[in-house]
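Each of the two complexes below includes subunit A, the first together with subunit B, the second together with subunit C.
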Partner chain A sequence: MFKVRYRDYLTYRGGPGHWSWILHRVTGIGVFLFLLIHIVDISLIGWGPNIFNKLLFLYRYPAFRFGEVALVGAVVYHAINGIRICIIDFWPETMAAHRKMSYAVGIAFLVVFIPTAIYMLSFIL
Partner chain B sequence: MGAAGSPRPESGIELWAWMFMRVSGVVLLFLALGHLLIMHLINNVDHIDFQFVAQRYATPFWRTYDLVMLWLALIHGTNGVRMVLVDYISPRGWRAASLASLYVVSFILLTLGSLAILTFQPPLMGP
Partner chain C sequence: MQVTLKIQRYNPEKDKAPWWGEYKIEAEPTDRLLDALNYVKWHLDGTLTYRRSCAHGICGSDAMQINGANRLACKVLLRNLGQVITVEPLRGYKVIKDLLVDMDAFLARYRSMKPFLITHSPQPEKERLQSPEDRERFDDTTKCILCGCCTSGCPSFWANGEYVGPAAIVNAHRFLFDSRDEGTVERIELLNTVDGVWRCRTIFNCVEACPREINVTRAIGEVKKAILMQKV
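Entry: the complex of A and B
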């Protein structure tokens, strides 16, 4: 029933553009799933402080705090890679440098995410 | 198709969807990253509670910010997942069913989220 199998992901091309594309999809789906949960939890504010504060307590568990760091990483990657996609789509001549741009996205992601992750983990560790 | 996103569709609703993904993406760069910076780094879940949200929502600015972000992010995400489903699910029945579920869930959450932002009444906080 599924047209593209797991194996196809790993064998097709495999260049930096392909990895960027996989990561863009995976981070996008991850952020979307969190967004669905996040809308439900924030909507509980309408039921008053007791229910809302009790629920937010959940997010203070260490497991959720690590999840929060992963969420920030996913959003940051999706954002930076999204800039690359827009640049290539609106200025097609930049395709000539598409490999360099994929590597630049990776470097920019690490530069932003590593200090942010260390800072966020310092709240809990 | 190169290393960028999907090829630009010729016309019609797919062209609008293609353009929407890029425009909403650029706007969300500021809204979503700003939201993460304010709610997860400058403040964080140790400090956020009912009182915090009540103060934020006392003026229209953050409600408007959150409402615009909710609509753009949810529609951007729904369209993204739509493209993933169309890519991987080829049998017509399964595709139609998965797309219908996606649209129903997104519509319910868009309504729920909008109501939460627009109808929230901060309790009167006297001295």
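Entry: the complex of A and C
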């Protein structure tokens, strides 16, 4: 039986839909991992303000600040691409323009993310 | 022009693992990849194994992974492939030898979709008539030649070999939306499962790979919607 290797997903020369799918998965996992950390840090308030404030201080470190920019990028891409998936699922006739829709998601992502990232980075750099 | 063919070779009786065979040949830019493979087999290495039959894009025998994407070797010209061309067997299927893969499971899934007209009503005196509009409804999915390019290019199929696959769904769609067919309930039962249409993640690799330019994902989407709305 054929064994799937992770590199197979990257080496197959699919179209824009293939890359949209990979990005959707990667950003989805990224947001999910953040949510797990977020649940842990918020729950620390149960142990009193000292521990909670100490942990929040961690988020001031540059690595975390850059991580926040990446997180916003992941949320924005996942949200916009999610709308595309909803549209094609409920209106299959729109799939005639599937390539254009994937490119439109990319453009909409850049339009939203670039100014946001510049604004966020201005507080770090 | 001179082209280098990098062909994935594998003989399970001799080789422990697949290896790359390199063949430099002189060819015309307007030659098809199949012509180049034939040249290698007939003049350089007779042990090279691949499937081909009509050689004109109708039978779907010579589907393979060409420069990383699924194509029919008889439908791509060398001038569109560059100087170095990589050729691999379709992924997701067991390799029998070199570029020859075992399509039995693929064809079994196709047959499981009951790809024939099912009727329960009494047979009419002459033929079962259909309006041009009703015929148009499933026109796109009549074009499938069962080459396997779509199913083999589907990441959902790579991840789970139990997925019935795009080709089988396309052929179910062809009868599901046929106004003369009366097998809707039994086909929907087959498709409305975790390994049926719901495993499709709308990745569109099937659409990109289809040599017959069928909008496969749209056909799957129409089946999903028909199940959701309980209306064909």
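Here, the second predicted complex is superposed on the first by the 120 of 125 C-alpha atoms of A that agree within 3 Å, B and C clash if a C-alpha of one lies under 4 Å from a C-alpha of the other, contacts with A are read in each partner's own complex, and residues count from 1 in each chain.
The criterion applied here is as follows: a residue touches a chain if its C-beta (ideal position, glycine included) is under 8 Å from a C-beta of that chain, and two chains touch if they have at least 3 such contacts.
A quick note: this is a predicted structure, and the numbers were derived from the prediction, not measured.
**Student:** Who wins on subunit A residues touched, subunit B or subunit C?
**Tutor:** Between subunit B and subunit C, B touches the greater number of residues in subunit A.
**Student:** Between subunit B (first) and subunit C (second), which does A:A96 come into contact with in this model arrangement: first, second, both, or neither?
**Tutor:** In the superposed model, A:A96 contacts subunit C only, not subunit B.
**Student:** Just to be sure I read the superposition right, which of the two partners does A:G28 touch: subunit B = first, subunit C = second, or both, or neither?
**Tutor:** first
**Student:** Per the contact definition in the header, classify A:P49: touching subunit B only (first), subunit C only (second), both, or neither.
**Tutor:** The answer is first: A:P49 touches subunit B but not subunit C.
**Student:** Share the list of subunit A residues that count as touching for subunit B in one structure and for subunit C in the other.
**Tutor:** After superposing on chain A, subunit A residues 1-2, 4, 15-18, 20-21, 85, 88-90, 95, 98-99, 102 contact both subunit B and subunit C.
**Student:** For subunit C, which residues are in contact with subunit A within the complex?
**Tutor:** These residues of subunit C touch subunit A: 65, 67-69, 91-94, 153, 155, 158-159, 161, 201-205, 207-208, 215, 217-218, 221-222, 224-225.
**Student:** Can you name the residues of subunit B that touch subunit A in the complex?
**Tutor:** Residues in contact with subunit A: 2-5, 8, 22, 25-26, 28-29, 32-33, 36, 40-41, 44-46, 48-51, 53, 70, 73-74, 77-78, 80-81, 84, 87-91, 94, 105, 109, 112-113, 115-116, 119-120, 123.
**Student:** Which of the residues in subunit A end up touching subunit B in this complex?
**Tutor:** 1-4, 15-18, 20-21, 25, 28-29, 31-32, 35-36, 39-40, 42-43, 45-46, 48-49, 52-53, 56, 59-60, 64-65, 68, 72, 75-76, 79, 82-86, 88-90, 95, 98-99, 102, 116, 119-120, 123
**Student:** Can you check the complex and tell me which residues of subunit A touch subunit C?
**Tutor:** 1-2, 4, 8-9, 11-18, 20-21, 85, 88-90, 92-93, 95-96, 98-99, 102
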